[in-house]
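In the two assemblies presented below, subunit A is common to both, partnered first by subunit B and then by subunit C.
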Partner chain A sequence: MSSWQKYPWIALVAARSNLAYWGDVASRFIFLGVVLYIFLRLWQVTYAQMGAAELGGFTLAQMLWYLVITESITLSGPRVAQAVDEDVRTGVLSVQLVRPMSYPLFRLSTTMGERLVRFVMNLLVGSVVALVFVGPIKLEGAGCLIFLLSVPAAFILDFLTNFSIGLGAFWLEDTSGLLLIYSRLTMILGGMLLPLELFPDWLQPVLKALPFSSVIYGPAHLLVHPDWSAWADLAIRQLSFILVLSLFVAFLYRTALKRVFSNGG
Partner chain B sequence: MFKKLASYLALAVTYVKLNFLSQLEYRGAFLSQVVAMFVNDSVWVVFWVLFFTRFPALRGWNVSDVITIWALAASGFGLAHGICGNALQLASLIARGQLDVWMLYPRALLSHLLVGRMSATAWGDALFGYVVYLVMVRPDCPHLLLFVLLSLSTAVLFVGFSVLSGSLSFYLGNSEGVTEQWNFSLITFSTYPATLFEGWVKLLLFTLIPAGFVSYLPVEALRQLSLPHAAAALGGSVMVLVAGVSVFYHGLGRYESGNLMEMRG
Partner chain C sequence: MSNAVKVEKLAKVFEFNKGRGFSKTRVETTAVDRISFEVPEGQSLAFIGPNGAGKSTTIKMLTGILRPTSGEAEVLSLVPWRQRNKLSRLIGAVFGQRSQLWYHLPPRDTFELLSRIYELDRSQYLRRSDMLIERFALASFLDTPVRKLSLGQRMRAEVAASLLHQPRIVFLDEPTIGLDVVARQELRDVIREWNREEGVTIFLTSHDAGDIESVSRRVIVINHGRIVLDDKISNMRRRYLSSKVLNIKFHDEHSEVAVNGVTVLKSTGYALKLEVDCQVVGMEEVLHHVVNAGSVADITIEDPPLEEVIAHIYGQAGSSEAAENVEVS
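And then the complex of A and B:
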């Protein structure tokens, strides 16, 4: 097996092991259902009160479908930072280093495998909720395609940030605070709770330029408002952030490895 | 009766002091968790401020009312789990047979068990609740006094509900997943205006998921400075606590020791 072939297999094993725990998968569906129902009511009341068919360019149905995607992306995220943090603190990392594979790529493969399963499941459950309460929206083949093209890059970008936070365990007493702050910034600045069109006009270009929106808002917006030029713009931003963050992770990882001490026995 | 109550209050104060000192042994981690939770809650306030900037009222409720909901829910949750930190661990303690060690003490089991641990992040919630109410709602003296009383009532509700949901482990075996989702549902519904919901969902909010005693009655009490609403909120909280304690002691008859060798430092 060549050095690269093992990583898709690692992703496959991670995906299959994730499917084995149905209880855990089902319990996440309850939370997703509750959140989507609350958002549905919030926006139903808001649209009715404003007497508007569209808000920020979204109809009520589009708004709920947008939220289905943003919630599916957010809730599909595996606990990468916690896993890396634990590997560092417990010394498991030194065992991983002995294995004939790159530790960051091993974590990336595991994350992508797990996340793909969770994302698809969340999407299915979210779609059922949306279909029941607001019905379908007009989807084009091209829209679905560019949406699907934008999702893997969003996951990689999110992984790189989480991995960097996990590596922080080499220097910090506790990384959970940093992780919580990152996830909340992604929620609000990434457009998970509100489409960026509903933010003040002066803030929208700033938020669109930040990496958070490339993880959540970008893909979700493409499904609801498909546009090839918007996809090209998003893809350039996603790839640029991935490049910069990859370089940062490589630097951080090399620096961190110098701090690894292991005693055999 | 009063002597016994005073004795348990003294025990709780001593535990809080000890737990606080043990948290301060990892000062950096403790502070970062408190700050992160404060930031986490602030993100939601930012969301609501942005929302109300765009849509000024929601069925007669304005941004102050929703900030009051957040202040009450956060301060109540923070006090509940800052003091009774084991309440959220109850399901796993029961499932793993870890009540044995608490049964050896000459104190009532539940009240002693609950104060045995402190949640560091909960203090971030409590701090956030009081600060955001003082800074953003700017109450006068009667409102502030009523808010403090209602935050205590909300804390009673959260403790009672955590005991109730955690006690499911006596009946279902390991109920951690169900307990966690039930608690999530309460917290999520508690942070949105109850006026969004109608019909059977509203009924649910005063029974199975008693968020109405956090997000409706206390807020109405503060809006109208109404003691009957405050009394109804307190009554609801006490009922939830009584239900939790009753289910716990009923379930205790089904408890099976884990035969675990355990030490408490």
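And then the complex of A and C:
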């Protein structure tokens, strides 16, 4: 068996473990439903007040579907940074090092396994909410395909950032502040609450160039406004960010391991 | 017989900063101080010491997680910190306070996953897991999520999981912590059997004297980074047990026994419990006094529990050496 085959297995087990606890799953569904309903009412009022059929190129239905995607992506995120932080502080990391596997790849696998399952379920629940309240929007097969292609890359990108923050536990007393900043930036600048089109014109290119939008806005926008060139653009940005962040994580992890080897973590 | 572990003058010095700003100084603490020992393959060794003695530091160096400051070590002919990945397939580890089982899933799933992580041959894995399931009596709860298992069941599954890839050495760190008396005994029995029948080398750390006594034949006591005792368990008892405990029952009221070297632990109307320091007074003389004290119905002579022996060794080592913190500015 090739040594790479163990990682999909880790992802599979992580996914199953995530499904095992239905109370947790259900509470996430309820939260997602409530959030989407609140957004729907807010946007209904906004569209009515503005007397506009479209805002930033989004109809009300498109806006809600956009939010279904951004919320599904955001709420599917496992607590990677906290898990890594905990592994470092409690010494579980050294237990993992006694196994013939790479710890970063182990964490990437558990994250992807968990996240893909949660994302698909969020998407199902979100779609039901959207269908009930605003009905379907026009989707194209190609649009769905490029959307699905962009999601795993978004997850890997998000993982790399979270993993780096978790490794911060080697140097910082508390990484939760860092995590809070990152997650809020992703929510606001990444386009979770509103599409980037609604930001001031001068700010939009800046926001699109930042990695946050490649995680959330990019994929969600592709589903609502499918466009091959936009996809190619996003893919290039995602891949470059992944490359840069991978190098950063590799460097950070090596430095951290040196600390483990000399100081025992 | 070849050696599973060979350690020579192994030392680890930790450096860290003390204080802040201008008063910041570099402090060195010697966690492990040039220890040497060998463990033949198949032996069951208890590696014990008080908290902070250097046990985990040594284990971390032997499993390749920590690089020593100086000295040599070979585990199964590999240098752990240079060949960690290769070594990881030959050793198993159980940390009593850190579970390797997936909490929401049944133990079977973790077994399956471990077979993938260790890249085990499918048929070999199946044979092996069947054997472990039977020997560790896991069948009844193999498909129950770990969160619903009792701690005793969980620990049996933990130990079995660490044996799946047929390690030649198993590091057991506090395997019975928190277990009740029965579960503790069951786990010890199965570990001992496994050691005797499969010839796997056991490297046990525990604060529980019962674990040490029932699993291991040899004991290394480490304190302040140095080996203070390396001997067979039976010898340790003999060497450090200069005292005996006497329980005497009388047919009627007895008079007091006052002999130099004898401490009265308990004295009631018909019974007497004495601790005898055999280096001060001979057993024969004590018995003579006892018989004179009243009409004896029954006598038992016991060794003090191993726990006391260990406490005694820790205490001795602690009084002769102070903690070494060297400031290098």
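In this text, the second predicted complex is superposed on the first by the 260 of 265 C-alpha atoms of A that agree within 3 Å, B and C clash if a C-alpha of one lies under 4 Å from a C-alpha of the other, contacts with A are read in each partner's own complex, and residues count from 1 in each chain.
Going forward, a residue touches a chain if its C-beta (ideal position, glycine included) is under 8 Å from a C-beta of that chain, and two chains touch if they have at least 3 such contacts.
A quick note: this is a predicted structure, and the numbers were derived from the prediction, not measured.
For A:Thr46, is the partner it touches subunit B (first), subunit C (second), both, or none of the two (neither)?
After superposing on A, A:Thr46 lies in contact with subunit B but is clear of subunit C.
So in the superposed three-chain picture, is A:Gln5 touching just subunit B, just subunit C, both, or none of them (first/second/both/neither)?
After superposition on chain A, A:Gln5 lies in contact with subunit C alone.
After the superposition on A, what does A:Leu180 contact: first (subunit B), second (subunit C), both or neither?
Once the two structures are laid over each other on A, A:Leu180 reaches subunit B alone.
Look at A:Leu97 in the shared chain and tell me whether it touches subunit B only, subunit C only, both, or neither; answer first, second, both or neither.
Second partner only, subunit C.
Answer with first, second, both or neither: which of subunit B and subunit C does A:Val34 touch in the superposed model?
first
Shared contact residues on subunit A, subunit B side and subunit C side combined as an intersection?
Shared contact residues on subunit A (touching subunit B in one complex, subunit C in the other): none at all.
Flag every residue of subunit B that touches subunit A in the complex, lowest number first.
Interface residues on subunit B, with respect to subunit A: 26, 28-29, 32-33, 35-37, 39-40, 43, 46-47, 50-51, 53-55, 57-59, 177-178, 180-181, 184-185, 188-189, 192, 196-197, 201.
Which residues, counting only subunit C, touch subunit A once they are in their complex?
14-16, 56-57, 60, 63-67, 81, 84-85, 88-89, 91, 93, 95, 98, 100, 102-105, 109-110, 112-113, 116-119, 145
Inside the complex, what are the residues of subunit A that reach subunit B?
Interface residues on subunit A, with respect to subunit B: 23-24, 27, 30-31, 34-35, 38, 41-42, 45-46, 49-50, 172-174, 176-178, 180-181, 184-185, 187-188, 193-194, 198-200.
What does subunit A use to touch subunit C in their complex?
1, 3, 5-6, 9-10, 13, 16-18, 20-21, 90-92, 94-95, 97-101, 260-265
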